[in-house]
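Read through the structure below, which is laid out as structure tokens, and then see the notes.
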Amino acid sequence: MRKALCLGTSGLLIAAALSFAAEAQETFKIGAPVSISGRYVAYGVQGKNGIEMAVDVWKKVRGDKVAGRTIEVLFRDTQSNNAITVSLMNNFILTDKVNVIIGPDGSNVAAAAVPPWKKIEDRPIWLLPGGSSDVIEKEVGPDPYFFHTYAWSYYYHESNLKALKALVGPNKKVALIYSDGAYGRAHIDDARHYIKEAGYEIVSDELVREGSADFNPTLAKIRARRPDILYVLVQTNDAIQLTKQIQASRLNVPYLIGTAQAQLPEWQNAVGESQSCWTGVTTWVPGLSYPADKNEPKLFPSAADWEKAWMEKFKAVPEFLEVGYYASTILTLLAVEATKSTDREVLKKWLEEQHYQTPLGDSKFIKSRVALHQTFGEMVVFQRQKKADGTFEGVLIYPEQIATGKLKPCTY
Amino acid sequence: MTPILELINIRVGYGQSVVLQDVSLNLREGEIVCLLGANGAGKTTTTRVVSGLLAPWAGEIRYAGENIATVPAHKRVELGICLSPEGRQVFPNFSVYENLLLGSFSKKARLRRTEMFDEVYGLFPRLAERRKQKAGLMSGGEQQMLAIGRALMGCPKLLMLDEPSLGLGPKIIIDVYEAVASIAKRGLSILFVEQNVQAALMIAHRGYVLANGHIAAEGTSAELRSSPLVQEAFLGKKPSRQDLSEVHRA
Amino acid sequence: MLKITNLSKSFAGLRAISDLSFDVPAGQFFGIIGANGAGKTTLLNLITGYMPPSSGTIEFEGKAIHGLPPYKIAHLGIGRTFQITQPFAEMSVLDNVMTGALFSQNGGRRSIAEARTMCDEPLRIVGLTEQASLPAGALTLGGKKKLELARVLATEPKLLLLDEVMGGLTHDEIEDLIAALKRIHASGTTVVMIEHLVHVILDLCEHVFVLNFGRELFRGSPNDVVSHPEVIEAYLGKPLEAREGA
Amino acid sequence: MNTRTFGLLLGAVVLIVILSIPVFGSPSAVDITFRTCSLIALAVSWNLMASAGLISLGHSAFFGLGGYVVILSANLLGMPFWISLIASLAAGALFGSGLALITGRLRGIYFAITTLAASEGLRVIAVMLPALTGGAKGAFLDAKYYPGTFTVNMGMSLAAAVTCLIAWRMSQSRIHYAFRAMRANEGAAQMLGIYPLKFRCAIMAVSGAVASLVGGIEAFHGGYLDPAIAFDLHITITSQIAPILGGIYTLSGPIIGAVATVFIGDATRLSLGHIEGVSLLVFGLILVFSILYLPQGIRGGLSDLWRRRSATAEPTKMAKP
Amino acid sequence: MDLLPQVFSDALLLAGLYTLMAVGLSLGFGVLRIINFAQGEMIMLGAYGAFWGLTLLGVDPIISLPVLVVAGFALGWLIFRGFVAKVLDAPHINQILLTFGLALAIQHIAIILWSGNARSATTAYATESAFVGDVLVVYSRLIAFAIATIMVVALIAWLRWSETGRATRAVAENRAAAALMGIDVDRIYAMSFGVSCALSVATGVVVSFILTITPFMGFPMLIKSIAIVILGGLGSIAGTVIGAFVLAFSETFVSYYVPDGAGWAEGIAFLLIIGILILRPRGILGQTVET
């Protein structure tokens, strides 16, 4: 009896081990840490949508498998919590043995994912379509397996200031507002750097509290300085009430410069008329005129077509994270398909050499300040302008070759 | 004539400890009955059970013939059972006037509010003088008057007073007792707890003596006044040398 | 041993204790009586440091103790019971008593096992040996009173302050407790007792102090006290006829 | 089997499991053990204070403090793993006893709120001193001070084990009597010669040191810290949920509760984690219903069951005061 | 330019908002002795209510205020009867965790229903303002101040002069004595929990056009409300008003006059709490519900 039991158990174990091995051969596993509860839930849902859309399109275009392997996406909820993110990363790498990690979202959570990934020697390739904070870049360093598919914070300010210098001219007075949250702190140093480099004078440099109930003290102090440009570095939630309060407080600043928030439908809906005149800088905005890729027109259609397909599936305008997750997922699938391999060296080499025209722009990886692989960092500057019918649109104002309109000073 | 209040075999306590053991007593309409007994004998617990602050573990509480053991405290006020509780329990941050207003919170009492105000102010002119004063800032005697007045504002048929003379100066005790006596003349039934045995038996028609949660003795005031049982219950044991009456005679 | 001089305490302008002075010599069995609200418990609270006096001094064995926190006073060897019993309800009866043994002036040097043995005597004295493992909250009122006494006895006090320990006890229990207190007293402990039950005071006390409205009404031997008409009036109430006549 | 042998048995099993898993366990077992041990230590630490009547709403203050001490002492002073942890331990003990001194008169809800304020205050300081702490964008532990997975996991297992041993030792010592007496009635406790402030300082130092140590090991484990993470109220709440779920004021309760909390958390996250918002919704509801229907915790529920099974007519459990 | 008049006006308007925000918590605690950790979620629900009213039905938040307040009262009543009533006599920590669990659940129900996206009601007056001399007055804040004042005055009047309000105060002071007055204590409990939720819902409506609405907006407001209530003394309505003013004025002053003050301002609340509790363990004013 006991012997039978022993045999049975070991048989089961062997079977399990075999099936595990077989599965490992046949499956391509993507580990997707996404924050779908907790405070980053809005981002997490976008990341999840992007990946799901990519897998759907892939299956439609190329069939259910990639290089003969079943595609398996392991969505795991970070609960916007760093300890859980650490545990997720460990489990992805050590237990699930995923081939690629895509995500997570939210600066803190992305930062928390870096050390557990980095300290494991045979870590898989990691594509990060978010997380712009320069501390993440510094911490990851020149890691061969890290692929950042989003702009670093300093790209924003470089582009912004280039646009300002070209469109507004030299010798301006700038007032800076930044939050004490992760977003403001991650951006402020580079913002100051590029503003000074442009030869502008910072007349007011104001810290605000994340989630503050009243920005009036800050605005009153800025009003007294009469700046030409108001440069705002706050995260979406704060941006909403700050934008409304800026309009209410009649600052009479001709140029209102923001970063990412102005292209978010979330922000536009919440601030209504107050969005007028704000400029934003982003990697992707609806209405970009990127063409379809020559070789993979179905996976990477033109920006306009892709947007249409997205609208059909989700009944909503896609947001930049969604495009980023989409493009990153498609790229990894293409890599596996092309190389017939899940070996990270092979994939890495392929990713380094690939070059597509995606709905998010050119996919070629370049070196950034510290990181080895960086793409989708091309930024466009646009301004929210009121159309004749009373609705607002994002008018591209920089770089000049894709500009669809001109920067207009504020009227209120 | 049915008693207005009848307790039948009430058993109750706090947590795990039993305080009242098979207590039965009754009170007829218009009667003044006092509850006597040493500290901790269960007098206050009895008033809490009757007023509904404490649910009995067993037994019946009959009020005008109905068992009200499960009726919540606030509904008993509506029925006409009002208690001036131990330690007065006036609302210290409320004015005298507001305390009295609260006394007539029940719907029935609200209708007769003006009338009752006149009556209470008539009974305790001191309260009328101090109607704007915060109750917490008044002296003990005034608070006691307020507690009684507040109970009267509820238009009780059965009024319970828990130690109305507690901590009062001798002069104020006179006032309070005169008030109690005059309330009694109005024909409502009064159940009161008193440690001042002599005084209590002066105004009560009948009395019950509680000892360790039992009814140790009952009878008319006259009977109790001369009963050695009273002293026994009150003093914890039968005094051998210093029988109370002897002390008094001395 | 205990010396109280010109002690006063007021609450929000009301005088609870006014200008009391008395001594309790070592070894005496001292009784304090008075009607409810006369200020007896307040007096105890002042002696044991739960409230600071408004004025006046309290000395114990020649040292001023007013203003000391209660735990220091306890360490000097003053133990008390509370009129409203304050057992540690979730702890067993034994653990309650052991807490007394562990933290008194000698408690710091005691092991748990020693403290455990020390508790047998107090538990036996009050008659709670059999209930030692029950949670204190499950005791009857009388049981809690006994527990109060056992717990304070375990602190080995030099001066024992008792606040109505007899309330709620049965006749037999009272008899037992009286005997126990006699033994405790005989072993050299000074006792100050607040009590309602006159016969207990008469039975035990060598000296009685009568409080009325926070003031001294009378002091003397028990028999003097009970025969003093003013005391009788204040304490047992006076017949109402006199007043009705007035 | 009585509760005592049950407790000892459980303790022995827990000890063996948490100490052997870092050595033999699979990566996922190691991961889950690490998180469970972290919560065990936090829960026992919270329960220590609670058992002396001190309800802490600011355990994240200790946790975050420990984390920052580790990151700063490693990054700035180059202190190795064990020394950094000792520093975090000391910081937690100091902060705990300091808090005990300034909250000396406060009890109940007032004490709880002060600890909450202390935690939030530390968070503001961490946010507003970016030069020191990295501010809201956070700080990474310099990777060269990472002592290796095994050391960190073993460190946490040891921390949990030692915490449980300390709690067990305390439950056997005279201090335990003082705590229970203080919890029941600080006034009466004083009359028996107990100086509450002394014991408050002691217990808050121990409890603070443990929570701070956990924060320190977590900082090594995660390698990244920012103020929102370090002083997250959820740390406080989970360190409360575990003892309440398991059985407050007991030795085994926090341990049982920590295991249950990690289990429930993982189960909801893994089974419901793909639907937006659902996993924490379910967690919240489980919390609500366990408070309503298991007010004595799992341990209380189990011993009720036990009692009903056993034929002996034991006295029924005391109603809560 | 002299900033002082502006500082005062900003602080005053903020104080109004803070008062409304904290007064619900204060009432709930004063009567029930429970700190309701789900109070912030009531603010959140009120804000969403006003937002959806405006977005879907085109009803201005000020118009929908009465309806939402009544709905908030009903919701509070239900939550009390369903959950809170069962832990009234439980230890504080159980009450805290129960209400915290409720808060977590409500937050995530909001995520499921309305996603985690940030929103804000875009009314015409939300972004209008006028200069009074040198002082800029933002209309939305003025409206919020007015509504807050009306609600708080109404609350105080209700507590002071209405039969039920007086009964509520009586229950807060002495539950047993109140029952002896013929007051249905359970009903008063449910009602005051309802009123406290209704006040928080009103706060939500008021902030819907000023602040950003997210499922997580409630918690920081709860923490701040706790700070205010503690400052003023748990349970004292007048104290809460004072606490709100103390906090609003000190935050605004620090924001204006201290370098990086806007960031430090948040810490003031906690510094004040610790300071006040150490000096005056019962807060600025008393313990029970007073007006």
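Per-chain numbering from 1; labels A, B, C, D and E assigned in written order.
Criterion: a contact is a pair of C-beta atoms (placed from the backbone, for glycine too) under 8 Å apart; a residue touches a chain by one contact, two chains touch by 3 or more.
All of these numbers come straight from a predicted model, not from anything done at the bench.
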Least step count from chain A to chain B, where 1 means the two chains touch: 2
Using the contact definition given at the top, which chains are in touch with both chain A and chain C? D
For the pair chain D and chain E, the C-alpha centroid-to-centroid distance in angstrom is 31
If you average the CA atoms of chain B and of chain C, how far apart do the two points sit, in angstrom? 29
Which whole number of Å gives the spacing of the CA centres of chain A and chain D? 36
Taking each chain's centre as its mean C-alpha position, how far apart are chain B and chain E in Å? 43
Could you pull out the residues of chain D that touch at least 2 other chains? 127-128, 275-278, 280-281, 318-319
Where in chain C do residues touch two or more other chains at once? 137-138
Identify all positions of chain E at which a residue touches two or more other chains, and write them in rising order. 108, 111, 115-116, 260, 263, 266
Give every residue of chain B touching chain E within the complex, in rising order. 51-53, 72-75, 77-78, 82-83, 85, 89-94, 98, 101-103, 105-106, 109-110, 150-151, 154
Of all residues in chain D, which touch chain C in the complex? 172-174, 177-178, 180-181, 183-185, 187-196, 249, 315, 318-319, 321
Per the contact definition, I'd like the list of chain D residues that touch chain E in the complex. 50, 55, 57, 102-103, 105-106, 108-110, 112-114, 116-118, 120-121, 124-125, 127-128, 233, 237, 240-241, 244, 248, 275-278, 280-281, 283-288, 291-292, 295, 320
Residue ranges of chain C touching chain D (in the complex, touch as defined): 48-50, 69-72, 74-75, 79-80, 82, 86-91, 95, 98-100, 102-105, 107, 110, 112, 115, 134-135, 137-138, 151-152, 155
Looking at the complex, which residues from chain E come into contact with chain D? 35, 83, 86-87, 89-94, 96-98, 100-109, 111-112, 115-116, 219, 223, 226-227, 230, 234, 260, 263-264, 266-267, 269-271, 273-274, 277-278, 281-282
